[in-house]
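Below you'll find the structure, written out as C-alpha cells, and then a few comments.
Residue numbering begins at 1 within each chain, and the chains themselves are lettered A, B, C, D and E in the order written.
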Amino acid sequence: MNDMSRLERTVGTKNIKMECRDCQVYYGDTHAIKDVNVDIEDKTVTAFIGPSGCGKSTFLRCLNRMNDTISVARVEGQFKLDGEDIYDRRVDPVQLRAKVGMVFQKPNPFPKSIYDNVAYGPRIHGLARNKAELDDIVEQALRRGALWNEVKDRLDAPGTGLSGGQQQRLCIARAVATEPEVLLMDEPCSALDPIATAQVEELIDELRQSYSVVIVTHSMQQAARVSQKTAFFHLGNLVEFGETGQIFTNPVDPRTESYITGRIG
Amino acid sequence: MNDMSRLERTVGTKNIKMECRDCQVYYGDTHAIKDVNVDIEDKTVTAFIGPSGCGKSTFLRCLNRMNDTISVARVEGQFKLDGEDIYDRRVDPVQLRAKVGMVFQKPNPFPKSIYDNVAYGPRIHGLARNKAELDDIVEQALRRGALWNEVKDRLDAPGTGLSGGQQQRLCIARAVATEPEVLLMDEPCSALDPIATAQVEELIDELRQSYSVVIVTHSMQQAARVSQKTAFFHLGNLVEFGETGQIFTNPVDPRTESYITGRIG
Amino acid sequence: MSVSIITLIVLGIAVLGFFLGRQRALSLSASSGKRLHSLPGYYGQMVFLFAAVPALLLMTAWLFMQPILIEGRISANIPDSVIPEGGARSLVMADVRRIAGGLDALIADSGMTETALDQMRADETDVRSQLGNVGVALGSDVPVQVFEAAKEYRASSKTGSLLMSIAVLAVCGLFAAWSLLRISPDQRARNVSEGFVLALLVGASLVAILTTVGIVTSLLFETFHFFKLYPAREFFFSTVWNPQFRGGSELGILPLLWGTLYVSFIALLLAVPVGLMIAIYLAEYASKAMRSVAKPAIEVLAGIPTIVYGLFALITVGPFLRDWLAQPMGLGNSSSSVLTAGLVMGIMLIPFVSSLSDDIINAVPQSMRDGSFGLGATKSETIRQVILPAALPGVVGAVLLAASRAIGETMIVVMGAGAAAKLGLNPFEAMTTVTVKIVSQLTGDTEFASPETLVAFALGLTLFVFTLGLNVLALYIVRKYREQYE
Amino acid sequence: MTDATANSTGGTPGRNAGSLFDKDPRTRKRNAAETRFRMMGLAAVIFGVLCLVGLLGSIISNGVSAFSQTFIIVDVFLDPAKLDKDGDRDPDKIAKVTTFGYAPLIATAMEQAMEQANISIEGLGKKDAAELVSKEAPAQLRNYVLNNIDEIGETVRFKVLASGRIDGYYKGRVTMASAELDRNVSPAQLQLADQLKAAGLLSTGFNWQFFTAPDASDTRPEAAGLGVAILGSLYMMIIVLVLALPLGVAASVYLEEFAPQNWLTDAIEVNIANLAAVPSIVFGILGLAIFINMAGLPQSAPIVGGLVLTLMTLPTIIIATRAALKAVPPSIRDAALGVGASKMQSVFHHVLPLAAPGILTGTIIGLAQALGETAPLLLIGMVAFVREFPDGPPDGFFDPASALPVQVYNWTQRGDPAFVERASGAIIVLLIFLVCMNALAIVLRRRFERRW
Amino acid sequence: ARDQIQIAGSSTVLPYAAIVAEAFGENFDFPTPVVESGGSGAGRKKLCEGVGENTIDIANSSSRIKQSDIDLCASNGVTEIQEVRIGYDGIVFASDINGATFAFTPADWYNALAAKVVKDGVLVDNMNKTWKDVNPDLPDQDILAFIPGTKHGTREVFDEKVIHAGCEATGAEELYKAAGDEKAKGCNALRTDGASIDIDGDYTETLARIDANKNGIGVFGLSFYQNNTDKLVVATMDGVVPSVETIASGEYPVSRPLYFYVKNAHLGVIPGLQEYIEFFVSDEIAGPDGPLSEYGLVSDPELAATQEAVANRTPMGPLN
C-alpha cells in the first residue's frame, strides 16, 4: 500500500484547489496563526503535522470558515477555493462548507439515531431522491467509514451510545456522505485501532482519486503513508511545506528535523 | 528507554492491586463485557488493547464504578481493590474514585479556568493547606501533564478554549493532581503529538514508581513501550492477558496475533 | 429569653462548633498522622448541623406544644359561669391571652412591679382601662376568674419559656460536644453532612407531594358533598351549564371543559411558535446586546397583571376582531370571543415559552452546531434538525408550563371570552372555562351549601384529574422522544 | 465504488460544481429558507417587544397621572366653639368631636378664602365650594388638632387634597362638558378651581402619598395610596423568594440527580407538572384549609399569602430548574466524579452553576407570576380593604395587609372613574417592583451564561 | 391576639363598609377594620366557620342569609347572629350617554331577553332582533344586554323583579303554568344567542363593555351609575327615574336590601366590634344625609329599629 501511494502521488493533477496567503488568526489577543501560506492541491492528500497547540486545527477551521462560529476568533489573509476568495462577502459559508467538509477532532455525533446522523448531510443537500437512495447513501458512507458491520443491526440506536472510536468513524461517515470536494479531517484516526485506521486510510486514498483531502495527524507514519504533501506547523508558524517524501527524508528547517526525529508515536 | 523499562519491569513488587473476576457488563440488552478476569498489579502499567468498540472503555469504567452513572449499564462480577470488594454496599464510590482516578477518552475540561480545573481535585480532597501549596500542586500537575509551558501565562483562561491536545493534557494534569493510587487512562495520548506523547509516557513511567496505571491505547508501540502487562480485548471478551513482552512477541491466541500483526497505526 | 435570642445563641454555638470541629479534625490528623477522611470543613459542618438541627427542632416542637398544653390546663380551670352564653371557651382563652400579653406591656410601660401585679384583682381595679392605657384594647370588662387565669397563663408561659431555653440550649450544647468528641480522622464527615443535605433535598421534593395531597383533600370533601346534592352523571355528561339561584341548575362540565381546551389551544397556537422563534432568534441569531435587552423585556410580559391583559382583550382586541374579522365574515358580532381571549392569553404566555427555551437552547453544546455547520448546513437547518431535537425535553417542559398557565388563567378569559358556557366551534363566539367558573361560583352570592357553590370544588377536582391525565400523556411522549447529547 | 461516487455526484440534481459566487437554485432556496426563518425569528421578537411596548404604553399613559396630585391651601380657623365647647382643653373631650364636626370648619375656610381672593361665581354655594376639598381633609385636621391641642383657637394653614373630580380636571379626565352631565361636580366648581389656581391656592405636585398612604374608601380616590399594598407585596415576595427558590432548586436537584428511576419519581414528576396546571384559586382553597383552618394562622396576613404563593410558584421553578439541569452535558458530571468528587459535590460545584441561568429564569417567571396573582389571595382574605400598616418583619408577616395586584383589582372595580388612573399607577408601581426584583436575577444570569 | 375587626363578604356592600371602616378608624381609638371582598356566599360561609380569633366577625351580604347557612353556623357553634339591614341597593338600566334613551317596562325586558315569548297566545322562540321589535315605542336598536352573571345576587333581583314580572305581565307565566310548569320556571330561561350577555365581573366591566359596544344596555348599581353620570344615561322603569328618593319611596321597583351579619359571640371580645356596628347604623353614617346615602345607598326608612336592635344585641330569629 505504501508503495502504491508513492506511485500514485505523481499521477495526481497539480491543480491548486485551495490557496492561502498571509493568513493570520487571532483568538482575542493570542496570535494563533502567523503568516501562513499554503497551497492545497486537487486530488492530493495534504497532511498537517506539528506539536499540540501549534494551530493545526485553527488553520484547518479557516479553510471552511468554521472559525466564524467562535466569537473571539479573527481571521485575516486570503483564502481561495478554485481561485475564489472564500472570505468574500458574497460567499455563502454554507455553500462553502458543503464543498469543504470537515471531521472534527472531538467526535460530535448528533443526539439522533446512527442512520439520521449519516443521512443528515444528504438530506439537507438533497442528494437522494427517495428513501431507497438515501438508504444506499447511508450504507455506502458507513461502509467507507468502516463502521457498517458494527452498526448495521442497530441503525436506529442513538449515535451517542457508541464507543469513542465508533463515534469517530460515524463522524467520518457523516462527512463523507455529503461528498465534499475538499475534506478536512482533524485527527480522524486518533481514537481508532490499527485495523480501523487502515480502513480509514484506504478511504482517504480512495477519496483522493476525485477530491482533495487535508488531514491533521500526530502520527508521522500515517502522514507518510497517506499524504503527498506535508505541512509542518510550529507555534502558529508554517515552518515547512512540501512533498511528504522530502519533508520526512530531507527536511530543510532544523525544527522540522528535530520534530520528526524525536521519539515517534 | 525501551530497554530501561524492560529492566525495571522485573523490579516492581508483584502485589495485586485490583482483582476482577467473572465480570459482565450489559448496556440494556447488549452484553458489552463477557466473563473478564484481570488482575492489576501494583506499581505496574497495564495496557488494554483491542479493536474499537471491543469494550476497553467499558471495562475501565468498571474499575472505578463510573458505570454507575450510566443508567442502562449493569455490572456483574467481583472487583476488588486491595482485597476489598469495590461494589460492596458499604463502599463509598467517592472514596473509591479518589483512589482510582480516571482520564476520559474524550477530553472533558470543566467550563472553568485552567487553574480551577487542576485545583478542583486537590481542593475537594483537601490536599493543600494554603494557596501557595495549591499553586504548587497545580504547577506540578501541569508540568507532569506537559502543559505548564503552554499555559503558565494564562492560567485564568477557560479550559475549554484550549486545543484538543491541550485539553487532553489538562485532563491528565487534573487527574494526576489528586494523587490517585490507581490511574485509569483512556487513550491519553490519542490527540497528542509525539513529543507530548513522550512526555506523558515519561509521566506514566514515573507514576509507576508508586502507583499502578491502567492505560487504554491503540498504539501497539505505546503499549509495548510503557506497559508491563497487556490485556487484549475482542468483542467484549478478554482474549489474552499477560506480560507485555510475551503478548507482543509470542501471543497464544490467534486473534491476538492477527491483531498485532495487522497494519500498525 | 425570646425565641430569636435563643435562635441566635444556638446558631452562635453551632458556628463556634463549626470552627472547633474543623480545628479538632485538623489537630487530630496532625497528631495521629492519619489523613482526614473528608475536608476539615466537613467536620465543622457536621458539628454545626448536630448543634443546630436537633436544638432548633426541639424548639419548634416546644413552641408548638407549649401553648396547647398550657391552654388545655388553664381552660379546664375556667368555670363555665364566665363563659358568655353563645360564646366559646376558645374566645375566652383569646381574652386570656390578650390580657396576659397586656400585663407584660403594663409592666414594661408603666413600671408596675411583679408583686403589685400579683395583688392586682379584677374586681378592684379597672383592668380594662389600665390595659387600654398601654394600647391593649379589650372588648369588655374582665371577670375575676378570667383575670386570674390570665395571670396563671402568664406565669406558666414564663416558666415554660424558661424551661424551653434551658432544654434547647442543653440539647444544643450536648449534641455539639458529643459530635465534637466523636471526631476522628476516619470519621466520614462528608457522608454525614451530605446525607443530611440529601435528606433536605428529599424533604423539598416531598413538599410537592404534600401540596397535592393537600389540594386533593381540601377539594375532595366538598366535592363529595356536591355529588350528594347533584347527580354525577349530569355533571360529567350534560352539555348544558346553567346555574340558577334558586336551585334547579344545570351544571354540566362539558361546555366548560371544551372552552378550556379551546381557549388554551388558541393561546398555545400563538405562544408556542412565537415563543420558540423568539428563543431561537435570541439564542442563535441575536447579538449579545440585543439578547440582554430583549430577553428581560419580554419576560416583563409574564409579570403584567392579568387584569391588564383582560382589559386589553375587552377594550382593544375584542372589538377589533369583531369589526375586522367576525362581522365581515358573518361569523357573529360578539366582541368577546374565544379567539380574543386565546390571542391575548397567548401574548402573556410568550415569555414562558421563549425564556425557558432560550436557556435550554443556549445550553446545547457548541460542538453540536459545529458538527452540523461542518456538513454545510445552514443555521436554520442546524437549529431545526439538531438543536431543537437536542433541546426537546426542556422545550416540551416550557410548553407544558405555558399550557398549564393557560388552563389556570381566569381574568383574561372573563374579560376576553365572556362568561357564557357554550359548546361550539366558532372561535368568534363567547365561551368560558372551568377556572373562570370555579372562581365565579366560589365568590358568588349563592349560599355555600348549595350545589351552585359546591360545584366549584367538583370542577377543581375534575380539572385536576383531567390535567393529570394530560401530563401523564405528555410524560410518556417526552420519554419516547428524549435524546441526550454527548 | 469510486465510479459510483463520481456518478452520483454528477447525476444528483442541484449539486453545485461551479463558482462559490453563483448560487445554484437549491442553495438559493435554502438561503431563502434561512432568511425566512431568521426573519420569522426577528418578527417574533419584534412582535413580543411590540406587545410589551403597547401594553406598557397604555398602562403608562393611563397611569402616570396617578403620580401627580392637586392640592388646595386653606387657612382653617380652629374654632373653639366647635372643637372644645367647654373650653377646658381636655383631650378626651376634644377627641369626642368626630370628623363630621371638622367638615364645617373647612367649608367656612373655603368661603373665607374665596372672599379674600375676591372670587365670586354665580350659582356656587358654600357647600359646593367645600366640595372642592377632599373628604380626607377633616381627618387630617382632626389628627392635627389632637396632636396640637394648644393651637385650638388659632388659624392654621393646611395643604389639603383637592377632591377627585378637581384633580381629574387638571389631568384632563374631567372637562367642562363632562361636568355638565356629572352629578358630582359642576362647571361652576371647575371655574372656582381655576380661579383658586390663579390665586395660587391650588397647585399640583408630585404625589408622594401614592406610595405611602394606605387605601381609601370609594369616596376619596384622591387619598388612596399603595403603602400597605407595597409592604404586603414586599413581605410576600420575601417569603416566596426565601422559600420557593431553595425548595424548588432542592427538589429539582433531588429529582434530576439523585432520585432513583422508578415509578415514585415518575409520580412526583407528573405531579409537579400537574401542580403547575392547578388554577391559582385552588391554591387559595388549599391555603384556607391548611394554613388558616388547620394551622391557625391569621386571616389576611402576608405569611399565609406568601406560603400560598410559594406553593403556587414551586412547580414553575422546579420545571425550569429540571430542564436546565437536564441540559448540562453528562461529561461534566463524569469529569467531576472521575477526580473523586462526590455526587453532591459534582452537582453543587459544576452542574448547578451551569444550570444557573435556567434556574434564574424560572425564578424570574415564577416570581413575576406570584407578584401579579390575585385569585388565591381572595380566599385567604387578602383581597381586602386594609388601612392599618403591618408592623416591621417578622411580626408584620402576621398582620393584615393588602398586596399590589389586590389593590389593582380593587381599584378597577370601584365606581369612581378616578380609580382607573390609580389602578394604572399601581400597575406601574408593580412593574417597577418586578423590574427591580428581576434586575438582580438578570445580572446574575448574565454572569452564569456561557456555552461549552 | 387579633385586635382589629375582620369583615368579609359581598362586593356590593364593600364600598359602604369601606366608607364606614375608614371613618371608624379615623374617629375611634380602635384600628381600622379589615374589609374583605369575595362574595356574599363566601362571606357567610366564613362567618359560619366557627367561633374564635381566626374567624371573621362580620359578614356583609347583598342577599338575605339562607337557612343552610344558619344550619352550617349552628353546626360550627355559631348560634347567635345579628342581622343588620343597612339600606337598599337600587338596580338601574343604563346605556351609553351618546346613544338613545330608553323607557322600559318589565314586559319589554321579558320580550327582549326571554327564551320564549308569547305570540298570538302561544309560547314561541324569541326572534326579536331590535328593541323596536319588542315595543314600537323603543328605539330601533339591536338588542344587546349586559346582565349580571348567575353568581351575583343582583341577578336574582333582576330575574325576579324584571324578568319574572315581565313574564307575568305578558301572560307567559300563565302559559307556562298551563303547560304544567308549576312554578313557571320557564320564565327565567333567557335566550342564548348572544343578545343577553352574562357579566361575571363587576360594574366596571359592564361599563367597559358598553364602551366597546355602544348599543349595549347594562345593569348597574345606583351608586355606580351616580359616579358615572357623564358616561351613562339611565333608563326609566315603568316611567320612574331611579334615584335614592324614588327607591326609598318604593316607586322604582328594582331594588334589594343589603345586610351584614354579626357574630354575637365576638362582641365584647374583639375590641371595637360593638362600637363599629353601632357607628355603622348611626344616623350620622347611615341616615338619609350621611355619607352612605350620598354615595348611593338608599337609606333604610326603618333605621331606628335597627339601631335599637343593635344596641340590644338582639340576635336574629328564624327565617320566615
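Keep in mind that, in the parts below, a residue touches a chain if its C-beta (ideal position, glycine included) is under 8 Å from a C-beta of that chain, and two chains touch if they have at least 3 such contacts.
Since the model is a prediction, treat every value here as computed from it, not as a measurement.
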Other chains in touch with both chain B and chain E: C, D
Central chain (distance from its CA mean to the mean of all protein CA atoms): C
Reference chain C; chain at largest CA-centroid distance: A
Averaged-CA centre spacing for the pair chain E and chain C, given as whole angstrom: 35
Rounded Å distance, chain B centre to chain D centre (Cα mean): 59
Mean-CA-position distance for chain B and chain A (Å): 29
Centroid distance [mean C-alpha coordinates] between chain E and chain D, Å: 31
Residues within chain E bordering two or more other chains: 2, 38, 42, 53
Sequence positions of chain A contacting 2 or more other chains: 94-96, 98-99, 106, 124-125
Sequence positions of chain D contacting 2 or more other chains: 30-31, 34, 330-331, 342, 354, 378-379, 412, 452
Touching pairs - complete list by chain label: A-B, A-C, A-D, B-C, B-D, C-D, C-E, D-E
Partner chain C, residues of chain E touching it in the complex: 1-3, 10, 29-30, 38-42, 44-45, 48, 51-53, 61-63, 66, 68-69, 71-72, 77, 79-80, 149-153, 155-156, 159, 185, 188, 192, 194, 197-201, 205, 208-209, 211-213, 264-274, 315
Partner chain B, residues of chain C touching it in the complex: 36-40, 188, 190-191
Complex contact set, residues of chain B against chain D: 64, 66, 69, 71, 92-95, 97-99, 101-104, 106, 108-111, 120-121, 124-125, 160, 171, 174-175, 177-178, 180
Chain D residues within the chain E interface of the complex: 98-100, 135, 139, 142, 178-184, 216-220, 292-293, 296-300, 378-379, 381-388, 400, 410, 412-417
Interfacial residue positions of chain B with respect to chain A in the complex: 1, 27, 49-53, 55, 57-58, 105-107, 150, 161-166, 169, 186-187, 189-198, 218-222, 259, 262-265
